[in-house]
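See the structures that follow.
Next come two complexes built around subunit A: one with subunit B, the other with subunit C.
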Partner chain A sequence: MKCRKCKEKAIIKLYEHNLPLCKEHFLEFVEGRVQKAITDFGMVRKKERVLVVISGGKDSLTLAFLLRKLGYKISLLHIDLGIDGYSEISRKFCEEFAHLYQLPLQVISIKKEWGKGIKELARETYKSPCSLCGLVKRYYFNKFAYENGFSCVATGHNLDDMVSALMANLLGWRISYIAKQTPVLPEEGKLKKRIKPLVYLTEREIAAYAFLQRIPFSRQDCPYAYTASFLKIKHLLNQLEVSSPGTKYSFYLGFLKNKQLFGEGKVTLRECALCGFPTVTEICSFCKTFRKEEVRNYAGES
Partner chain B sequence: MQVKVNGEIKEVKGRKRVGEILEELGLNREEVLVIKNGELLTESEWVEENEEIEVMRVVSGG
Partner chain C sequence: MKCRKCKEKAIIKLYEHNLPLCKEHFLEFVEGRVQKAITDFGMVRKKERVLVVISGGKDSLTLAFLLRKLGYKISLLHIDLGIDGYSEISRKFCEEFAHLYQLPLQVISIKKEWGKGIKELARETYKSPCSLCGLVKRYYFNKFAYENGFSCVATGHNLDDMVSALMANLLGWRISYIAKQTPVLPEEGKLKKRIKPLVYLTEREIAAYAFLQRIPFSRQDCPYAYTASFLKIKHLLNQLEVSSPGTKYSFYLGFLKNKQLFGEGKVTLRECALCGFPTVTEICSFCKTFRKEEVRNYAGES
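== the complex of A and B ==
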């Protein structure tokens, strides 16, 4: 199989575009897709400071690598979840990456902040590790970006993440979540802008890029990853993708064209009475979960 | 040939194309990369009986 652009030997075929490419043209393709997503959705300009949140896995590290390569001003943030046997390794990959590419990295350790890891905190708060993890990450990403003068938070969500989230939320008709599966969530008060520059790329394309650029990334899965029904939906969509290539991409583009059907996804935000960060309720879910004592005192006073 | 999948070695008989090997192992081409001697292989590439390849899974959870 030959590269469509130069007739050299192809190293990958992108079925959704019916496009075989050599190494050089594949790297160029991936970089072009990221730049196109940034431009199409007006994600960020070169003079803005971007906070890239990294987990140590291929998506977020490749995102950081690409933004740096394309000339964006980035800093890295990692949340150490305190999951034994997993978090140590993830953190090591993040530190190694930051060192290798000379990028500033901040680490927020959940164990340091709260005395225990996500698993123990989840048990105590009667939440699933993943829902607590999501809550904690969203809160700290935003807080850190807000307090340190970043214009936005960039995450490594890829096309597969977007379509599987879309599908999961469609199956449950969670309309307000469906509306949120966009490549950009604009800034609103103390809620910083959130961008997903990898939305035009599949997991396979990102993994291939990371492999070819020799980006060292962690291949281990979080021990809770398999509780995510998400993964089953990913597999299903990939089965559809093989029988009709381009399904994922057109599903997502179709959503973007029709997203107004699901409303603006807008809710009225106010500032949490305890921490001051945006929430729809009087006290935010983060404070409700972690600052029980203060919540009780607050309820007593008011 | 020997096929390494997630660190586990599997034996596949005969000379085959990458696409056929994936099918035999029940792997979806969207969810893997196939590597031989540090290089990526397309699904139409042949693998000889005496060669070794690695299958890297690309789907992440969480």
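== the complex of A and C ==
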């Protein structure tokens, strides 16, 4: 198998593009896809300050690596979820990465903030660890970006993530969520712009890139990942991809062309009566979950 | 496992409804689902004449059995596709069924009409056997219903068929096709109303019903079925159903609630310049495929 570009020995075949590539041209391909996504969707310009949220896994670290390589001004934020036997390792990889590539890193520790980890907080608040984790991450990375003058927050969601979330939301006809499965969510008040520059890359392509660039990343799965039903959907979409390469890519591009069918995905936001950050209701989900006593006091006063 | 209704021994558990049922109550359940679909979507009234298209397989024969049992006035139509070693058996089952239940049956033989079977016609017309088969069936059952005074055509599409077609069309964002994945397609000019009374039943439920009622049906798969990509999607949706029972049902009901997102699915129909039956273009697909010389003559004249 020879590289389509230079006829040297290919090291990977990208089935969805029917494209065998050598190491050099594969790295170029991946970098080109990220730049193309940034340009196509007007994600960010080089003078803006980007906050990259990193978990310690391959996607977010590769995203940080790529944005740095492409010349973007980035800082890193890691949210330490306080899951025993898991979060310590994740954090170590983030710190190692920041040190290796000389990038500023901030860590927000849930245990430091709330005295306990996500697992215990989920039990106390009667939420699933996955939904609580999502809530906590979204709240903290937005707050941090807002308070520290970043123009946007970049996350490591890849094509597989986008497609499986889209499919899960289609299966449940959650229209307002479907409308939001876009590579950019624009800034609105205190809600900072969110961008997903890996949207044109599959998990496989990112893993291969991370491996070839020797990016050290954590290979552990979150101990709660089994509860996430979208993993099942991801697995099924992968089966479909094997029999019809390119299905995921064309499904997502087709969605972007037709997303107006699902409306703007816009809701009227106001500022939470307790923390001041954006919410659709009087008090935001974060405060409702974590500041129960203040919520009670507020309800008593008003 | 006991029947939810009568506490007798259950013979089947309907996972999507979490409902164990005995034979008697399962048969009642299936009949109730068909009547409910007919009522919910205003498919047909008892005084109307219904043309049931039968292939010899379990779905269409069970549909005919059920409509007859529920008191509808039905006639049967079988389209003999002329596939050697397959169509003879299918036709035999249709004839046996019609004889057994004393129902009028008409057979349209593709070999008699065109001198050769679907396989040869597909090769000559550069179409896949599946798309040609669909074209031929739709054309003939509509023409037959129109010319013989039927109020509608009933087909044996079940929930699995509807859901996998919907999913295939969503994956390809074929909006006008998505809009048409409904249990009733209304009459329009010479296009007769089409109804799918098995829309609330899964393949498994229909197979169990056919078995319990001892309906003799052909168990053979069409020799070209492997080319149909929607079979792959059906298989994947079944996997999802096993891990989350009820997914298919709620996905389809959610679609029906939200189908207005995809527009009316209406296109302006006119009459084909050659055969007079409905088409969106000047000459219908059927004539374009089968009446090439007449099409050439027509093009020369006009």
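Note that the second predicted complex is superposed on the first by the 302 of 302 C-alpha atoms of A that agree within 3 Å, B and C clash if a C-alpha of one lies under 4 Å from a C-alpha of the other, contacts with A are read in each partner's own complex, and residues count from 1 in each chain.
By definition in this document, contacts are C-beta pairs under 8 Å (C-beta built on N, C-alpha and C of every residue); 3 or more make two chains touch, one makes a residue touch a chain.
From a predicted model like this one, the values you see are computed outputs, not experimental measurements.
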| item | value |
| --- | --- |
| Partner chain in contact with A:Met1 - subunit B first, subunit C second, else both or neither | first |
| First, second, both or neither for A:Thr247, with subunit B first and subunit C second | second |
| Partner chain in contact with A:Ala208 - subunit B first, subunit C second, else both or neither | first |
| Which of subunit B and subunit C A:Gln239 touches, first, second, both or neither | both |
| Which of subunit B and subunit C A:Ile12 touches, first, second, both or neither | first |
| Superposed model, subunit A: greater residue contact from subunit B or subunit C | B |
| Touched partner set for A:Asp59, first subunit B, second subunit C, both or neither | first |
| Partner chain in contact with A:Cys287 - subunit B first, subunit C second, else both or neither | neither |
| Partner chain(s) touched by A:Ile83 [first = subunit B, second = subunit C, both, neither] | neither |
| First, second, both or neither for A:Asp160, with subunit B first and subunit C second | first |
| Where subunit A meets both subunit C and subunit B, residue numbers | 239 |
| Sites on subunit C touched by subunit A in the complex | 170-173, 175, 229, 232-233, 236, 239-240, 243-244, 247, 250-251, 254-255, 257-258, 261-262 |
| Subunit A - residues contacting subunit B, complex | 1, 10-13, 15, 20, 23, 55, 57-59, 130, 133, 160, 202-204, 206-208, 211-212, 219, 221-222, 224-226, 228, 230-231, 234-235, 238-239, 241-242 |
| Residues of subunit B touching subunit A in the complex | 28-33, 35, 39-45, 56, 58-62 |
